[in-house]
Amino acid sequence: MHWQDMTWPEIGALDRERTVLVLPVGSVEQHGHHMPTGTDTYLATAVSDAAAALVGPDVVILPSPWYGLSAHHMHFPGTITLTAETMMAMVGDIVASVVHHGFRRIAVVNGHGGNAGVIDVLASTLGHRFYGAARIACLTYFTLARDAIMASRESKHGGMGHACEFETSLMLHLHPGLVHQDRAVVHYPDTGTPWLSTDLVNGSIVRSFVAFDDLSESGTFGDPGLATGEKGERFLAMSAEALAAFLKDFSTWPIPETRP
Amino acid sequence: MHWQDMTWPEIGALDRERTVLVLPVGSVEQHGHHMPTGTDTYLATAVSDAAAALVGPDVVILPSPWYGLSAHHMHFPGTITLTAETMMAMVGDIVASVVHHGFRRIAVVNGHGGNAGVIDVLASTLGHRFYGAARIACLTYFTLARDAIMASRESKHGGMGHACEFETSLMLHLHPGLVHQDRAVVHYPDTGTPWLSTDLVNGSIVRSFVAFDDLSESGTFGDPGLATGEKGERFLAMSAEALAAFLKDFSTWPIPETRP
Amino acid sequence: MHWQDMTWPEIGALDRERTVLVLPVGSVEQHGHHMPTGTDTYLATAVSDAAAALVGPDVVILPSPWYGLSAHHMHFPGTITLTAETMMAMVGDIVASVVHHGFRRIAVVNGHGGNAGVIDVLASTLGHRFYGAARIACLTYFTLARDAIMASRESKHGGMGHACEFETSLMLHLHPGLVHQDRAVVHYPDTGTPWLSTDLVNGSIVRSFVAFDDLSESGTFGDPGLATGEKGERFLAMSAEALAAFLKDFSTWPIPETRP
Amino acid sequence: MHWQDMTWPEIGALDRERTVLVLPVGSVEQHGHHMPTGTDTYLATAVSDAAAALVGPDVVILPSPWYGLSAHHMHFPGTITLTAETMMAMVGDIVASVVHHGFRRIAVVNGHGGNAGVIDVLASTLGHRFYGAARIACLTYFTLARDAIMASRESKHGGMGHACEFETSLMLHLHPGLVHQDRAVVHYPDTGTPWLSTDLVNGSIVRSFVAFDDLSESGTFGDPGLATGEKGERFLAMSAEALAAFLKDFSTWPIPETRP
Amino acid sequence: MHWQDMTWPEIGALDRERTVLVLPVGSVEQHGHHMPTGTDTYLATAVSDAAAALVGPDVVILPSPWYGLSAHHMHFPGTITLTAETMMAMVGDIVASVVHHGFRRIAVVNGHGGNAGVIDVLASTLGHRFYGAARIACLTYFTLARDAIMASRESKHGGMGHACEFETSLMLHLHPGLVHQDRAVVHYPDTGTPWLSTDLVNGSIVRSFVAFDDLSESGTFGDPGLATGEKGERFLAMSAEALAAFLKDFSTWPIPETRP
Amino acid sequence: MHWQDMTWPEIGALDRERTVLVLPVGSVEQHGHHMPTGTDTYLATAVSDAAAALVGPDVVILPSPWYGLSAHHMHFPGTITLTAETMMAMVGDIVASVVHHGFRRIAVVNGHGGNAGVIDVLASTLGHRFYGAARIACLTYFTLARDAIMASRESKHGGMGHACEFETSLMLHLHPGLVHQDRAVVHYPDTGTPWLSTDLVNGSIVRSFVAFDDLSESGTFGDPGLATGEKGERFLAMSAEALAAFLKDFSTWPIPETRP
């Protein structure tokens, strides 16, 4: 069920109480020597699709606006970034439109670490703006599934960062033609401080801007050499299962009434 | 050549003087009883792809951010609209990013009548902002090809408006599975004034907001009954040819130097 | 009937159903060696006044805020430009104020090519914002009257661009003391591409920023040598007639009701 | 010397060190039963013109954008208001344009009490923004000349507020055809507190929003019955003299150099 | 009664009709060689507290957001400035929150000359925005008490400007440990024009940006040598008395009803 | 070392390479029946002070702007909230000012869960904006110290949420006069879903807006009954130690050079 492939009467007929809308967000940014710039959005969309397949027809996927916050990758050609203000406005307009049509549960499914802060802010601001009309949930799919992913990974800390064991496996499974494993560079970056981690599923408590090329010439953080398509299939399954479990629960969340 | 499918070294190796970047923009909005909400973006992307195929590897297509200005369709479920300010910021950020990487000619290829004003403003504001660094060209593909389209159409004035002979033909050719011709409604809307036209390729000189449902219960403006896939193939060809001709010319436009 | 010359009880007594308000917008920008920077606003105001005289007391003219979008002329001293955001806010505030007072039909009458995109956006955004309360129409007077003007012109394509046969004639008729015909420079600019036209009434389908001094040292596009006051009188009459015809029609447009 | 009446070569030839540009700002708002809504802008412009005549050709007057901050008059039809943000953007764009052309001394001459705060903010923000390039001075003409005006007035405290002895006299002198003395209402408003004054030239230290119709049914604050054209001629002369004295001094203010 | 020290049930129990909320605003900026950067906020807060003590429990003091508009001091280290837009948004959000909770009279008590314009604009914009719900009053405490201060000062014109006889006396009384009288520099700045005054309580009618270091190497305007703690005690008393008198009056101002 | 208590020459003399500036941010919002609205800012400031005492004179504390993002508490009187845009602008202006004065390492120390997203965004946007000039680090003190806090707590999951064992203990130690333990309500809220946690140091992966009064009538999340001043002393020590350890490390972070 993709919103962009449905007619308006079909969308109009959706049950407003049962339907959960999913907006995948990602990024267009460098993903090392071996992976395409669209990786994050490809993955957020694929995980959303796979979760929807598990949940059934009450999940409808909105088209992803593709771009996200990637200022930290801008020293590499291929990266395109929105400002935080633009991304907040863009997602805000999309959510406002579907709430206007009566939809009551919208999940923003993020596939890009750099968007984590802004979707947290969006959860607050949109949740407050549409209080009484709709619930907005924002999450990053690999954080949601992090226990399963951690149990499954082969690389040590730092091996899953960016264009790494995890993302490369998923892309090998989903879009093998877009991955150039022969060009992959393995790189465990050294942040020079224990307070900054580059691991995708074990991020830093302290938040600070790091230009990726200050830590990695190739743009890779981690170990794409450990990636396989088969592993990607498993990562996809565990990500989709975690997301599906959440979406099922989310569809039952009550909508509080606005105070007079 | 799709930007989202290329690695950063591949994008980094593109010849900045010869490469033309194309950003397709469209909308997510009602397209009658028989066509999907993603129609405009599907078409802007398909025409861009087809034109790129004609021109060759110097054209690279950016991923479309999908959403556009559709306030005039908001009475129909399925429509999602950005504000003009959001769209200006979103396209502005995308263009700023690619200009930062040294690209010098960017064409915004629009597939939605409701975006015509805002891309005109973007041509001015971005052209001025990046004067000396890059040229920005903005166009609507069916306006660019309007002479050929006019010569080819069967419907009379008003038959090509929205979800009409033209758009339905293109979708029947490109995405037949998404078109439900059996549900198509033929409707020549009456604006009640000679000063407002609903024709896609013969628009109004006077600009004024019209809510689509004030003129059409189904959301259709025009005659989808005249649509065929074969006709869509021809419309695609003529649109792609017009766009290709422009892009070839555009790639030779000089970049003036900034005044000191 | 000029708004700025009326008392509040006089304005309060205007029939809200019959009155059409006209807001002339233009620019303050270079107009060649022989014409004053205020030309566009002088002309938009004069055409509005002349049309109002034809229609009668139901048309009331608001004072023009003088400034418009003129970034493409900023290499010439004398040019003053607003940003698109400022112009949208400024016109938006003016329209919001008169709608607050119950006025229901507002026409923005533009006299400057560089404003064409922004008034198109304003037609959409203000039309949507005040849907159910008021209709907003935006137009450029010389585009409205372009058939008559084309039939009347002597210059070939390119002769009517900026500070040209057309504008100089009008100014010679209306403000002869501000025109220095002895300094006028005739210049048919060469854009170097068939896709960019400089003709006032036959503009480009492709929109792209052009700094005027890249095409014309004097700032003139066209043939002021063909201008005469007598021709200006005729251009004024045909512009006013076209505008008057529109305004009469506009005064009868229905105001749709807001959806609940 | 009016900017809008000069050609660009004439403006280009102005001595950047000696020229002072004047931007008159006012309002479009109710001025009682007897005075037109354009009063404040008419007066700011007339005083600017008269001062320029006293100083000579080094003063050039920019066209007034007419509108100002008039939210406190919005309960009366005829009032049009900008928001503070719009006015700051609008004046900011105008000043930025002329500074771009090398002008170094710009005076904003205000004729409307409601603009006093915003021009104070503009003096700070624009002065800071263009530090090292230009000086910006902002003033209200009747405050500048308040000692002379106070010495000349006949009304007691409260008689000069809005559409009063002062403004009506000036309009009787300058635009007698726009004044309807037979409809004038004399009204000394009672603010109910010693902390809020309604006097034009003896304003309140405490600033607080007052809707004019809460204090005056007619919209008048003061005594238009004491107004005469002869008195207006004197008020104009003393206002112009004060402004001319300032402008002469202003033209000699040094432009500090930016810090490295 | 400090808002930040009360529980929500205590604040919830406050009488909405009788309570006046006070928001002290100041600045963090250079105050000469001898005074701390927090001076203005320390003083605005102390005067607010002292006035509240005189009025009684119906005055509740909000915590000061500390920062203000100090661009004119930015050439000195230690100065921190907000933009005007940020300050307007910040105070606007605070006032909107307390009006949401039903409070009806809010006084912004300013202790920094550089904030005078922006609080004037805030009085207008917030007063208009919350018309019918709350009254907003904005004032600068030393302007409110200027007659008493003038009668009490020893320095001649120019001696009370910044980090001067007045402010230093107050700080010697309130925070003697933060004042380094041995480093104080006496400086009567020369603006070079009669139209710009540097005196705290006799400001300029003409408003124009002045970088403080263009007039004073030390950052002092005036005569801290005349300051004593005993004098500061008196200045505090007269400031608090003036403010208390106003707050008592303010608590009785009627709240007009919104128009339908 | 408090910025607001230093003179500008003292601040000017600070070693730009060694000095770390700390900006404490918190909130003004309901903290149950027994704690003051200023709790979060009091605590962020106290932890910052205590950490500075451990590190030594190279840490300078900026004054806290007091207010934060508290929309989720707005149903309780006493809560004051900024919008996300305002907070981003406010912190952005403060950081821009100190970077202008040459400071190179700025830590935003947050004491309020509701600010977590926005400080994450600020870390990215300010880090990018000032890349090459300064490093910006953003953190929440109780997350930084969460391992020690977890080891020390007595309450089970849910007992540390808001106005709870943790915050009440700290306030009992720091400001016992502002805590009313006799009014404290113990409440373990039930979110109704495993995907939303209310625990201060074990937050939700899924982010979604929750109005506090939908889960707690008193506004308390957790167990203030377990709070003691002695425990607060320990919580303060472990928080300060964690922060001090970070600040020492932060002071050695390299400042990368801007790319040409």
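All chains are identified by letter, namely A, B, C, D, E and F, in their written order; residue positions are counted from 1 within each chain.
In this section, a residue touches a chain if its C-beta (ideal position, glycine included) is under 8 Å from a C-beta of that chain, and two chains touch if they have at least 3 such contacts.
Bear in mind that the values here come from a model prediction, so they are computed numbers and not experimental data.
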| item | value |
| --- | --- |
| Touch-network distance, chain A to chain F, counted in steps | 1 |
| Selected pair, out of D-E, C-D or E-F, that shares over half of its residue contact pairs with A-F | D-E |
| Centroid comparison with chain F (C-alpha atoms), farthest chain | C |
| Separation of mean Cα positions, chain E and chain C [Å, integer] | 48 |
| Centre distance in Å when chain A and chain B are each reduced to the mean of their C-alpha atoms | 28 |
| Contacts with two or more other chains, residues of chain A listed in rising order | 74, 83, 85 |
| Complex contacts: residues of chain C adjacent to chain B | 69, 71-72, 74-75, 83-85, 88, 114, 116-121, 123-128, 131, 135-140, 143-144, 146, 192-195, 205-211, 214, 246, 249-250, 252-254, 256, 259 |
| Chain F residues within the chain E interface of the complex | 2-12, 28, 30-38, 41-42, 62-67, 74, 76-83, 85-86, 89-90, 92-94, 97-98, 100-102, 178, 180, 183, 219 |
